[in-house]
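In what follows, subunit A forms one complex with subunit B and a second complex with subunit C.
Moving on to the complex of A and B:
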C-alpha cells in the first residue's frame, strides 16, 4: 500500500457521498462556465481596428428614419473623409424562413474594401462582386450554415422594403467581428424599390485615427439646420451603446456566478467536514502511530483536492467538450454563435476548483491539528 | 540490557484545571519499569491509569515531574519529534481495536511502516512476520468487519509490534473480548515480553489478565498504592 492508495481508499469509503460531492461540483462548474461564456459572447467589445476608424452616420430622429442620398456628395467633400458608402438594412426574409437571423445590407460595392478592410475575400471574388449588380458577398458563418456555393441564387422577400430581391453569391468573406452578413449593391435596392434616393445610414471612413473626433464633429455640423439632421458617431461608440443595454445583465450574471461559487464552497466544506468528523478517532490513532500533523493535513488536503478536481474535470471538461462539439448556433437558433470556452474562462473555473479544494480542507485540517491524541481517542464512533 | 530501566518516572503529576477546580489525575508518582518487564497497571475507574499510560507513551504531557523512556526525556520533545519517537519506539493496543475499516488486515499492519524508509519488499516481510506471530497470516486480505473481535485485536497487536518497538502499551485490550480471545491476546503480549524482550504495559480491571504480567501495580486517586 502506498500513501496514495491510502488517501484514495479514504476518499472513496463513502462512495455515494463522494459521488454526490463530485457531481455537485461538476454541475456548478458547468453552469459557471456556461454563464461566463454567454456573458463574454454578448459583451465582446468591438476591438477590431476597422471598427475604430469607421464612423456611422444616422438620422438624428432615429435609426429607422432614412437619410437623403444627396448627402453623399457633401460627406465626400469633407476634408478628413477618405470614403463613404450607403449602408442600408434590407431586413428581408430568406426563402420561406419565418425569421432570418443574418442581416442583409445594401452598400456601394466599390467602397466596401476600404470600409471593411478586415474582411478577407479572394481578389477574383471581389471582381465578381463589383461586376454584377445582383451579386452579393456572404459572411463565412452564414455560408457554412446554409452550405452556400458561389453562384447560388438567394431569394429574399422584403419586410421593410416593398420589394423582393434575388441575390447571386459572388464571394464569401471572413475575418470581421461577426461574419454573419450579406452585402449587396445599393443600386440594386434603388432600382428594385424604384427611385429610392434615400439610404438607411452612411458609413464613413476617416483618413486617420487621429482625425476621428474632428470628422465626427464636421459631419454633425455639416447637416445642422437642414431637413435631415444627422448623428455621427464612431462604430465603436455605436456598438458600445448597444452593449450598454447588457450592463444590467452583466451584473445579474456575475451575481449568479458568485452565488453558484458560494454554494459550492458550502457544499464541499460540509462534505469534507463530515468526512473528517466521522474519522476523528482514526486520525487520532494515526497520530498515535507517529503520523505528523503535516501529513494528516496533506491527507485531508489531497482528499479535498481530489474531490474538487474530479468535479472540475467532469464539469469544466464537460462544458468545454460540449460547447466545442455541439453547434450552439443551431441550438440557440443563432442567438449565440461562437460560444467559445476561452482559456481564460477555463483558467477561472480551474482556479475556483483549486480554491475549493484548499478552502474546504481548512476547517477540518485545523480541527485535526488542534486535536490531541487522547481527546481524539475518546470520541465515539 | 535487562538491567537498564526502560521507564523512569519521578514526581510525575497531571492536573486538569476545570474552572476554579483542580482535578488531580496523577499525584507525584515515582515509578521504574525495567526492560522486558510485563507490567500490569490496575486500579478503579478514574484512578489515572490511562493518563499515566498516555504520558509514558508520549501522547499526553504531564503538568509536573519527569518521565524518561530509554533515557530520553519524552516530555521535552516537540510535537514532530515526539511523533517520530512514537513511531519508532511505541506500539499501541486499544480497547476498541481502532483499525481503519477501509483497509485490509495487511494494510492496517503496514500503516506504521509507511512512515519508515523501508521499501515495499522489506515492509512485506515485516508485515507478514507480524501477522504470523499473531496467527493471522491467512487473514491478511480480510477487512476488519470480516474478522471477529478477537482477530481484530490480534491484527491491532500485529500493528503495534510491526515496527519492532521496545515498548508496547495496551489500555484494557481485553475489555471488549470474550475470555478465550482475551486469553489468546494476553498470551501473545506475554510471549512478546518473554521471547522478544519487549516491555509491555497493560492497563486492566481484570485480575486474571493482570496475572499474565511479571508485576502488578495499583493506582488509586492518582497515587500508587
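Moving on to the complex of A and C:
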C-alpha cells in the first residue's frame, strides 16, 4: 500500500463523515463566493473602455437637482471638450410593471456615438435613431428579455418627470458594460414636459486622456458662483461616489463574510479533530511501528487538505456554475444585475480552502505529536 | 419508559470538545440570521412609525415617492380650502406644503458621500407631525438660513453639529438644532422653512402637501373629491399608507437574510449531523446496554433527537446573546425610494429572537434525525460487543 492510497483509504473510511465534511465546506464556500460577488457588485463599479475619457457633470446640490440646458453652450466652448450630451434619467415605468428594471436616459442622439463608442449599432439603425424624434435605442439584454422588434412602440409612465412618453424602437445596441438601457431624444422629453429646458446631468468627452483633469477643473470653474453650480468628475469618481451612498450595508456584508469563514474553519477543524481522535489508537500503533511525527503529520495534513479541496471543488465550482447559468436579475427583482464570479473571487475562495486544509490539521497534528505511544494505545474513545 | 432529562443534558456536555464547535457554529448562524432580519425589521418599523392616521398626503399622480413629486402653487390653492381639511385656532387650514431636496454631503470622518434629504416644511408642518421633537438647540427661524437636523443623521454626516454651517446651493446654512422623530422616517431628514428652501434651491413647485382631516368621514370624502377633480393631476393617500408602502429598501436585506439563513443552516445541519454521528459511534456500547435494560428503540431515537435539539438550542441561545448587544444600534444606508441616506436601528424584537431559537431547534433536530435513526436501529448484541 502506497502512502497515497493509505491517506485516501483513511479519509474515506468513514464515508459519511467525509461526505458531511466536504458538504459543509462546500456550502460555506458557496456562501462566501456569493457574498463576495454581491459585495463586489455594490462596491466596485464595473470598468469599461469608454469610461476613461468621460466626465460627468451634475448639480453641486445633488443628482436630484436639475441643470439648466443653457449650460451646454458654455461647456462646448471649453477648449478640452470634444463632445457634450445631456444625460437625463427619465425613470419611467414600462407598461403596467410595478418596477421597471431597465433605465431610460434622454440624450442628444447625434453625440451618443461619440460618448458611447463601445456601443455597437448597425449604421442603418443609427440613422433611423437620429431621424425620428420619438426613436429610441434599446440594449440587447432588454430587447431579448421583452422580445422587442424594430418599430415596436414602448409606452412609459413618468415617475419622476411629470410626463408620459411613447418611444419607438429604432435600433438595438450591444457591447457596453450594461446593455440594459434605453436611450432616446432629449428634445422629445423636453417637449413632453413643456419646454422646461432642464437636464439631469451632462456627459462630456475630453479630447484626450491627458486633458481630463484640466477639463474637469475648467468645467467646475466655468459655473462657479452661477445660479446652478456644478460638480464635474470623471465617470470613475462619479461611480465611486454613488457607491459610497450604500453606507453601512457594505460593512455588514463584509462582517458576515468573516463570520462565514470563521464558522467554516470551526466546523471543519472540529470534524478533522473528530476523525483523528477516533483513530488515536491506530496512530499510536503507527508510532510504535516507527513512523516519524513528520510522517504522521503528513498523513493528517494530506487528509485534511484533500477534504477541504474537495469541498472547495463542489462549493466554489457550484457557485461559479450556478451564477453563470441562472438569471440573478430576475431572482433578486433587479437588485443585482451582473453577479459575475470573477477569477479574483474564485482565487480568494480557493485560498481559504487551502488555509482551511492546513489550519484544520494543526490541532490534531499537535495532539498526535504530543501523545506518548502508551497513552495512545490505552485510548478507548 | 423515558430517559431522564439530565441524561441528555450531561451527554451534551460530556463530549464538550466536539460539541463546542457545533454549538458555536449554530450560535453564529443564529446570530447572523437574527441580526440581518433585525435590520429589515428596523427599516420597516421606521416606515411604519411615520404616518399619522388623521393625515392625508397629496402627491403628483404617477410619482412613486414624495421626493419625486411636484405640486404646483395653483394646484395647492385649488384644494387647500376644501372644508374637509381641519383648521387651527386662527381658522387657517392645517396643511403643510413641503419641498424635498436631495443634497450631497460628505460623511462624518471619511471621504465617502451620502445624499441627505432636506425637507422644507410649511407653516403647519410641525403641528402635523407631533412625533418630531427638538432634542437640542432651537427651531429654525424662517429667512435666517437655519436648519434643524436629525440627531441620528448628525452622527453620520459631517458638519451637522449645532453651531456648524454647511454650504448648499451657494448659501451657508447654519445648524441650530437637533430633532428626533421617535424612530420614524423623519429621523433621516434635515428640516428648514419651506418657502426659504424653495428660494434657495430654486424650486418652482412644492413636492408634496400634507393635510390634517377633520375626521374619518371627511378623509374619505376628501380623497374621493381629489380623485374626481379633473383639474388636479394629483393623488391623495393616507400618510400611514404612504409610509407603509415605503418598504422597498428592506427587500434586498430580506433577500440577503433569507439566503444566508438557508445556506448557513444547511452547513449547520451538516455540522450537527457530524457531531451526533460521532456521539452515536462513541456510545454504541452504551446504547446496547440501554436496550438490554429495557429501553425501547423509540426511546433511544427520541433521546438522540432531544440531545441534538438541546445542543442546537444552546447554540441558539448563545447566538441570540451574541446579537443582543446590537439591539438599538443605529445604522444607515441609501433608501431605494428616496435615494437618500436613511437611518434605522437593529431591532431585535422578541418574536425575532423566538424565531431564531426555533430556527436553531430545527437545525438541531434535522441534524440529529439520521444519527438518531441509526442509533435506534443498532442491533443489540453487536452494539454490546463493539469496543
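Rule of thumb we're sticking to: the second predicted complex is superposed on the first by the 327 of 381 C-alpha atoms of A that agree within 3 Å, B and C clash if a C-alpha of one lies under 4 Å from a C-alpha of the other, contacts with A are read in each partner's own complex, and residues count from 1 in each chain.
Keep this in mind: contacts are C-beta pairs under 8 Å (C-beta built on N, C-alpha and C of every residue); 3 or more make two chains touch, one makes a residue touch a chain.
Keep in mind that this is a model prediction, so the values were computed, not measured.
Engineer: Counting only touches as set out at the top, which of subunit B and subunit C does A:209 meet: first, second, both, neither?
Structural biologist: neither
Engineer: Examine A:61 and indicate which partner it touches, taking first as subunit B and second as subunit C; both and neither are also allowed.
Structural biologist: In the superposition, A:61 touches subunit C alone.
Engineer: With the two structures laid over each other on chain A, which partner does A:366 touch: subunit B (first), subunit C (second), both, or neither?
Structural biologist: neither
Engineer: With the two structures laid over each other on chain A, which partner does A:326 touch: subunit B (first), subunit C (second), both, or neither?
Structural biologist: neither
Engineer: Just to be sure I read the superposition right, which of the two partners does A:110 touch: subunit B = first, subunit C = second, or both, or neither?
Structural biologist: Neither partner.
Engineer: Output check: A:267 vs subunit B and subunit C. Expected answer is one of first, second, both, neither. What do you get?
Structural biologist: Second partner only, subunit C.
Engineer: Counting residues of subunit A in contact, which comes out ahead: subunit B or subunit C?
Structural biologist: Between subunit B and subunit C, C touches the greater number of residues in subunit A.
Engineer: Using the superposition on A, tell me which residues of subunit A are in contact with subunit B and, in the other complex, with subunit C.
Structural biologist: After superposing on chain A, subunit A residues 381 contact both subunit B and subunit C.
Engineer: Show which residues of subunit A lie in contact with subunit C when the two form their complex.
Structural biologist: So the residues of subunit A in touch with subunit C come to 16-17, 20-21, 23-24, 27-28, 30-31, 34, 38, 60-65, 91, 157-160, 162, 164, 225, 227-229, 231, 241, 244-249, 252-253, 256, 259-260, 262-264, 266-267, 269-271, 273-274, 278, 332-333, 335, 380-381.
Engineer: Which of the residues in subunit B end up touching subunit A in this complex?
Structural biologist: Per the stated touch rule, the residues are 50, 54, 57, 59-60, 79-80, 83-88, 92, 94, 96, 98, 100-103, 106-107, 110-112, 114-115, 159.
Engineer: Could you list, by residue number, the parts of subunit A that touch subunit B in their complex?
Structural biologist: 1-3, 6, 9-10, 12-13, 281-282, 285-295, 372-374, 377, 381
Engineer: Looking at the complex, which residues from subunit C come into contact with subunit A?
Structural biologist: That would be residues 17-18, 20-22, 24-25, 28-29, 31-32, 36, 39, 60, 62-65, 67-68, 70, 101-104, 107, 110-115, 156, 168-170, 201-202, 233, 251-253, 255-256, 259-260, 263-264, 266-267, 270-271, 273-275, 277-278, 281-282, 331-334, 339, 341, 387 of subunit C.
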